[in-house]
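Listed after this line are the structures, all set down as structure tokens.
Two complexes are shown next, each including subunit A; its partner changes from subunit B in the first to subunit C in the second.
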Partner chain A sequence: MRFVIQRDYLLQSVQDVMKAVTSRTTIPILTGIKIVATEDGVTLTGSDSDISIESFIPRVEDDKEIVEIKQTGAIVLQAKFFSEIVRKLPTSTVEIDVENHLQTVIRSGKSEFNLNGLDAEEYPHLPQISEENAFRIPTDLLKALIRQTVFAVSTSETRPILTGVNWKVENSELICIATDSHRLALRKARLETEADGKHNVVIPGKSLTELSKILDDTAAMVDIVVTENQVLFKTKHLLFFSRLLEGNYPDTARLIPNERKTDVVVNTKEFLHAIDRASLLAREGKNNVVKFSTIDGNSIEISSNTPEIGKVVEEIQTQSVEGEELKISFSAKYMMDALKALEGSEIQISFTGAMRPFVIRPLNDEAILQLILPVRTY
Partner chain B sequence: MTKSWEELEELQPTVLKMLRNSLLKERVAHAYLYEGMRGTGKKEIGSLMAKCIFCLSPIEGYKPCETCLNCKRINNGNHPDIHLVEPDGLSIKKAQIHALQGEFAKTGVESKKKLYMIVHADRMTTNAANSLLKFLEEPHPGTMAILMTEQAQQILPTILSRCQIIGFTPLSPKNLEKQLVEQGVNPEAAPLFAQLTNNFEEALEFSQNDWFAQAQKIVVKLYEVLKKNSLEAMVTLQENWFGHFKEKEQIDRGLDLFLLIFKDLLYIQLGKNDQIVNLSERSRLEQYALQTTGRRLTEQMAAILEAKRKLHANMNPQLLMEELVLKLQEGSSLV
Partner chain C sequence: MYPKNGRVILHVDMNSFYASVEMAYDSSLKGKPLAIAGNPEERRGIIVTCSYEARNLGVKTTMPLWEAKKLCPDLIVKTPNFDRYRAASVAMFDLLRQFSNLVEPVSIDEGYVDLTDSQELGSPPAIAEMIQKQIYDQLDLPCSIGIAPNKFLAKTASDMKKPMGITILRKRDVPSVLWPLDVEQMHGVGKKTAEKLKGIGINTIGDLSTSNEIQLKALLGINGVRLKERANGIDPRPVDPDSVYDFKSIGNSTTLPRDTSNQQELLKVLEKLAEQVVVRMKRKQVVTTIIGITIRYKNRKTITRSQKLENPIARQKEIYEAAKRLFHRNWDGEPIRLLGITATGLQELDSAVRQLDLFSYEKEAEKEPLLNTMSKLQDKYGKKIIGSASSQINQVPNSKSTKHDTSFNKDFLQDKKSIVSRKKDY
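Up next, the complex of A and B:
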């Protein structure tokens, strides 16, 4: 393998794939970055076996030659050293040359590095992509989907399946659900694809957080391909693979109550700030619980009482309170997480009794829903 | 390091026969427990088993080809769907089992098959073992566990009952001898080490140990003194023996060595010259063999075995050795 490449492009790619490489791995080859040179360009791959990131540098872009391929081939180089080397190279072009078998020479200007490579054949094989199963959504929507659901995944390993977000594709609609069995976040999005493939997979929350970090805020489309073992997110030059969680996701449809007894419409920001203030005193106690009660007319009361510290009461004006009177307690943290994830200035909270889960959704928007289980105090 | 199916078959014929049958009949268990002494090839057979399962083009339907990508990667520890857990320090911690469980909650990287090996499974902490239990109880389809241990009785019975236990036979001395010679141990000394221990690593340690070389000399000298001048034997004991063999274990080793000399003498008398282990002393031993009778040799060996028994019953070492020396001289005049 031998090629000459523009350093800036290489550096950007290396930085992208480095996000997937960890030093804590039991598989020695995963400490490396795989570099493959073909006639079309150079592909870099980094992986920690949970997620894998592939970055492609085309030979020519915008009529500018980025890579000059002299000989095709593949090699795995130690990620830690390779990334540092690339960052500190003196000139803007780099030559990478694999000499006899695994000896790799990196030349730039007058500096020359010799690195011992590893056999690229030993690197884990990423699934081959078949384009048929793909569906596409814009990057910014994808990021919103992730942001609005991933916070609700479980952090406890007792039920591993809940550490992921359930992605369902049905009738050109994507439904993302995350729950840790105390709260639930659901987000729907219409797909603009004609393909009516059906999928039901669980993607680890950590992978989605990582994905959201490497995507930039553009309206460019992301191709999403679901394979048997992995899910692939494909942008122009970046491929992001993630392993899936094994098992069946619990059926969450029954959890969401249909009837409602009390409806409250309130300004999101005001409500969020009131909860935040009330939680100041609640936070000291372990449970972080605030009380919510409807009072006469169009207002509600948020209060919290920790006997050893003190108590706080705040009244908020609402747009409307309909239905039965209600007193309920819930975790301030869950409520704030949910409110931060919602879009829209007005939200509607629908209760079905003090012991039943309640639903929060933006006014006139069915695409997103947050569900929280109350805490038993009254 | 890696050994082929044939090499391992020589080492553990029964185990490999079992594995072959289960592979051919597609009745591979979801969890195995390999039990056997150190150096009996548990880890090698574990990795062989992994290759059998993951190999892309197995020979005759079960033997790994050793040339395909998966075989090569398993040999180099690079296969992403195979996980090896080894004690972190003294024990296998709960966090390690948790990491393993996290790994197995996800789909395989490449295939639907996943395999994990736990080396020294007896060193799992109670917490770790209990976490593993849940995991062993409800195996995901396509996952397989290989636990390895030297002491099966130290493993939780609840874990034992969920594994198919495969007992590894101890190595035969001849086999060990061969291994030692391959490792560069002097072919003259190898049979002796192989006789003394069943354990390859321990034998290798003996071969590199000064203490051991010295011990051998002292033992031979004691025998010679006994032969030549029985009165001097007590003096030799004081001069050499007690200074060198201090601990109980060391005395035990010394007695073992001593016993081997008598064993060799007996073999020489019986004409089984290929069984001799003290090869370096062979010519001298052959001479001595002419001067004694088989009956006497057996009596002397019995005396040594008796001394060994008394040693474990915590007899005073000095009295023990002196008594032994007197017994060995029995029949010859004390003047």
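Up next, the complex of A and C:
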């Protein structure tokens, strides 16, 4: 194998596939990046067996030559060293040359590295996925879906299924739900493609976070293929495979309250900043909890009291407060996470009692919803 | 005599406290070899304290009773009587408080006194003599006192002359007095730490005083740096009268009457330990966020395991369940000699909160109408007007369950402060 490649393209691809490579793997060869050169271009692969990423660098793009293939072939190079080498090479072109069997030479300008490679034949095959059940969504929408839900997944392994995001496709609609059992994030999106397929899967939160990092904010479409135990995200030059979580995701639809006893409409930013200020003292204490109370017809009070530090009270003008008066305490962190995930300048918060979950939505937008469970004092 | 700069700290250490209290109580015991030990039939037959007469014959703390009897056939053995010791301790600290406001009880039988602002009472050695004499005259109890510019040196000094000694240790004495000593003899250095230190060639306190700070920090963390400071006679810790209230953990353990691997029996012991821990937590008005267990096997191999909980807990059942989970996960089935439960990550009851769970909140929410009514009543008439039954019973001063223990907890040292208002609904 021998080729000369533009360093910037190589670096971008290496950085993308590195998202899947970990040093803590039970399969030693997975600490490497697989590099395959064909007549069409160069393909890089990284995997930790949960996530696999394949990045393709075409020989020519926009009439510009990116790779000059001198001899086809394949090699696996230690990811840790290879990525650092590529990052630090002196000139804008790189030659990669596998000399005798596994000895690999990386040349750039006057610098020359000799790396011991591994046999590419030993590298595990990526899952074979038939692309029958595909649906498509724009990249920027996909990124928004992830951003607005993935923060709410559980980080504890007590209920492994909650470490993933539940994706449901039904009637040309995608519904993403994440909950750690203390808060829940839900986001719906219409699928423009005539997807008649029905899916109900759970994608590990970590996979979605990594995926989101390597996607650009473009309107280009991403093809999504769901199988029984894998999901594949496919863009022009990128394949992203993730294992799915096994098990049934709890039915959360019935847990989201429909009725409401107190409804508050408030400016998102003002509310977020007030919570942030109130939690300034609270987060220094042992739990980051703020108290929310309705006062008279049109305002609310946010307060927190940390005995060893001090207390803070702030009144906020609302657009409206309707229904029963209410005092409720909740985690400032959960509230800020939820508010940051919402779009829209006004939000509506619907309560059904001090010890029941409450729902936050942008005003007049049914596509997204954040739910938070309050805390109760002893 | 009073130093112009710096502090004057006393460390008052009661001499063989339990034994001395027994002698004060029954003067016929005076001058005789006396040991306080647990009940040998329950295998708690270990010497907790003994009088100097017994010590002279080689009897030592933690020695099994049978061994002590061999050394000293006339040994008088008494089981501990904590009510007596507690009363004597309270009286002793009250007496110390007459000399300074800054009295910090460390345990039932020792404490620090900051005399920096007590010039008008006399010179530090004169005050120390007065304290020692008054404790002896009024309570019939002997003590040793260390006088020094800081806590570490004071504690070291009080150890130098026993019983009834008064020792002054100045910073300038450190090189001649402390540095030649084996590092294991330094306060704050246990067996394990000493082993580690010797592993890097630190054998004496002098070696420690000139050791490499980075290496120490790598070996022992921040504590290593502190130890080095102390080896140089530096210890900035203030005498803090409230430190006894900053309890970090509440733990109870018990040696089983016999080694057992009978799971049912062991779980019963855990259940009982959970109850003891809960009684103490209630007295301190706290909830716990981390539960730990200790398992000591027949061969004395000891493991401790702990788990951070999602929500703070305070009920016996919850603590038992958490301990049981840890036990099942960590017990290898071998016979067990001792079991313990420790609650850490303690939070005050009135500032602790429970995060409700999406999948179980409905159970909690059922109580909402009741809690609403209670909070309305409290708003109107004050917090004490109503609370759950358990919030009303935590005044029980000292539980009977301490009767069989050989160890002692210093919860009672807090009683002076228990005027803090009783908390609301729990």
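Here is the rule we use: the second predicted complex is superposed on the first by the 323 of 378 C-alpha atoms of A that agree within 3 Å, B and C clash if a C-alpha of one lies under 4 Å from a C-alpha of the other, contacts with A are read in each partner's own complex, and residues count from 1 in each chain.
Everything that follows uses one rule, which is that contacts are C-beta pairs under 8 Å (C-beta built on N, C-alpha and C of every residue); 3 or more make two chains touch, one makes a residue touch a chain.
Quick caveat, the model's predicted, so the values are computed rather than measured.
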item	value
Touched partner set for A:197, first subunit B, second subunit C, both or neither	neither
Which superposed partner A:287 touches (first subunit B, second subunit C, both, neither)	second
First (subunit B), second (subunit C), both or neither touched by A:307	second
A:109 touches, of subunit B and subunit C: first, second, both or neither?	neither
Partner chain(s) touched by A:50 [first = subunit B, second = subunit C, both, neither]	first
Partner chain in contact with A:344 - subunit B first, subunit C second, else both or neither	neither
Subunit C-touching residues of subunit A, taken from the complex the two chains share	156, 179, 181-182, 184, 250, 252, 255, 285-287, 289, 305-307, 329, 331, 353-357, 371, 373-378
Complex interface listing, subunit A residues touching subunit B	26-30, 49-50, 121-125, 127, 157, 160-161, 163, 204, 228-230, 243-247
Footprint of subunit A on subunit B - complex, ascending	69, 72-73, 76-80, 83-84, 98, 101-102, 104-112, 140
Touch list for subunit C against partner subunit A, complex	287, 289, 310, 312, 314, 347-359, 361, 364-365, 367-368, 371-372, 423-426
